[in-house]
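Could you have a look at this structure, given as structure tokens, before my questions?
In order of appearance the chains are A, B and C, and numbering begins at 1 in each one.
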Amino acid sequence: MSAWLTVGHLLPVLLLGAVTTLEVTAGSFVVATLIGLVLAILQRLDWRPLRVVIAIYVDVFRAIPVLTQLFIIYFGLTEIGIRLDPVPAAIVGFGINGGAYLTEVFRSGIGAVHQGQLEAAQMLGMTRLAALRIVILPQAMRVVLPPLGNFAIGLLKDTALASAVAAPELMFRARTLVDQTFLATQIFVTAAAIYLAMSLPLGFLTRRAEAHLSRGRR
Amino acid sequence: MTWEIFNDSMPELLVAAIGTLRMTAFAFLLAATLGLTLAFLRLAGGLAGRLALLYIEIVRGMPALTLLFLIYFGLVPAGIVLNSFLAAVVALGLNGAAYLAEVYRAGIQAVDSGQREAAQMLGLRRPQIMRDVILPQAVPIVLPPMGNYLVSLLKDTSIASLISAPELMLRSRDLAGTYYLPMEYYLLAGAMYLVMAWPMMYGARRLERHFARGRLQGGRT
Amino acid sequence: MSGPTSQDARPALVEAIGLTKRFGEVDVLKDVNLAVQAGEKVAIIGPSGSGKTTLLRCVAHRERPTSGHVTIAGERIGEKLVKGHWREMSDREIARIRTGIGMVFQRFNLFPHLTALDNVMLGPMRVLRQSRAEAEPLARELLRKVGLAHKAADYPERLSGGQQQRVAIARSLAMQPRLMLFDEATSALDPELIGEVLNVMRDLARDGMTMLVVTHEMQFAEDVADRVVFMDHGRVVDEGPPHELFRAPSHPRTQAFLRAVVDRQVMGETAES
């Protein structure tokens, strides 16, 4: 049982890692949301070549593992002289990958808003872009909130892969400690518990949001 | 660039890709069957149902990578030593089971409640109703999400490279390190994943279109 | 068409005694008593929310009454006497009782993944454990009786609402029940399709089936029922033979309800059968 006491001493290190986990998650979430939102809007404009390019981006980045994308960004770019630190590399990697996923989410969220809304807005004289911004998006936001919540939780878990590019998040710290102490079981169980402590509240909030939204709206 | 190196590497990369596909297949089987069991336990309720829910919440609350390390490294003191391939299959399968259990449960509950009523009035008992009426209608509902899951499982096998399991990412890492060509080899790996994933993605979309909701809902004038 | 009245001394096939059903704060059924003789056709009418569907569901044991009980052929459904105490029946025992009752739903509830013929044969094959060869002749005969022999191989999505409901009736009849319950069987149908279903129900009545019919089709109730029961706010307010209840209702609430319905029928909003 003294092994668990040792882990008690190591807890602060793991918690530091958890903070980095949250940082990477937050950063990637912002990047992914921005990319997804912009591309979803662009896809609804009437320019076919742009729509095709975006569709290709989405398909390509959803077919390749995140880990591969991370390696390309962190290791691969060094070949052409771009050397990123682990955390920025992770944020870029998860952000671009998440952006491809969220493009689809936002696209169907926008599509879920009734076509008549767009028509009404355009009849008032708004351009397509203005109508999207002022009328469609606010309504679409409500629809996409649950998928966004679930995406955030998935992102939180995905950041564990950033340990493979030496980002000092939770799994990286855990692996380092395991190398030093050989207390694999105790340390990984503790890491798992910390992840649970982060993801369960998020999940609870998301479900609350989902329930709240499906009550009486529309 | 350095095409000859690629030509030499291709055979081992293809072997590794097959390893990836094997891992995907086995993990999928484990996830699909265990997930079904969990879904039934959940639907049955009671203590078993709550234990199933506990399992699902815990497994889905942590990264697959953590689960993988727990299974590969963390079980050793208990005497359970798995090789990397098996550990990866188990970890991915356990993780997928938790996800698919919810997919199955939602699919079963999505079958119109009137169906159960009619079957009960004919005198069918619960297991018969599940087998003859509910499950046949739940299958079209769960197939598209299962198709999507298969694609993400294929991608998730890449994490097994971190415990040196014989799959594509590991092989491309080794080669990238050997020849100091990370960009080329990782791009190549990416392309190979694309080639493997695209047919699956296409199939999943076909499934989605074919089983568009509402087709099998009977009872409307 | 005048059959036995509820005061008849013979034991009733179906008896609801002191049925009360409470949902949350609301009493949907308040101390309802009803007796149906074998071969009798009873129509239950009333405004929505009057408890008519809940009453039917209690007879089918799809709802457990808060108090009171239902007996079918003298046997309590849902409960059995165990060492002097009434205990809940098991799923298997309830299923057995339900083989003697047929129920037709407002939304048909046909099994969409089975053909019409397979729908009709499912009960006999799975519950009565008949083989396909044993079940098929009766199934085809029943489909013929409801006028759908030529649709045996069709899936429900290819059938009209009226056709689906007729298959649903055949499906219930395949279990050879003693009692048929109809829960607003024509309410979900387009007006021009109601007639074909009512005709099937008329034939069934003529063949002597005991029927408990919740309906809005007043003309049908008048033609077919031996007795009409009017429910309002969870109670049986009025009952009697159709010619009495429809032509000369004594109770003011019955009068008010019928006036409202007749007005609609006169204005052509309800389909005439």
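Just so we're on the same page, a contact is a pair of C-beta atoms (placed from the backbone, for glycine too) under 8 Å apart; a residue touches a chain by one contact, two chains touch by 3 or more.
Being a predicted model, the structure only gives us computed values, none of them experimental.
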Q | Chain at maximum distance from chain A, centres defined as averaged CA atoms | A | C
(Q) Need the central chain here, defined by C-alpha centroid distance to the all-chain C-alpha centroid. (A) B
Q) In whole angstrom, what separates the CA-based centres of chain B and chain C? A) 47
Q. Taking each chain's centre as the mean of its CA atoms, how far is chain A from chain C in angstrom?
A. 55
Q) How many angstrom between the C-alpha centroids of chain B and chain A? A) 20
**Q.** Sites on chain A touched by chain B in the complex
**A.** 59-60, 62-69, 71-72, 75-80, 157-161, 163-164, 171, 174-175, 178, 184-185, 188-189, 191-192, 195-196, 199-200, 203
Q. Can you name the residues of chain B that touch chain A in the complex?
A. 57-58, 60-67, 69-70, 73-78, 151, 155-159, 161-162, 169, 173, 176, 181-183, 186-187, 189-190, 193-194, 197-198, 201
Q) Quick one: in the complex, what on chain B touches chain C? A) 112, 114-115, 117-126, 128, 132-133, 136-137, 215-221
Q) Given the complex with chain B, which residues does chain C contribute to the contact? A) 60, 62, 91-92, 95-96, 98-99, 101-103, 105, 107-113, 122-123, 126-127, 156-157, 160-161, 164, 168, 171-172, 175, 188-190, 193
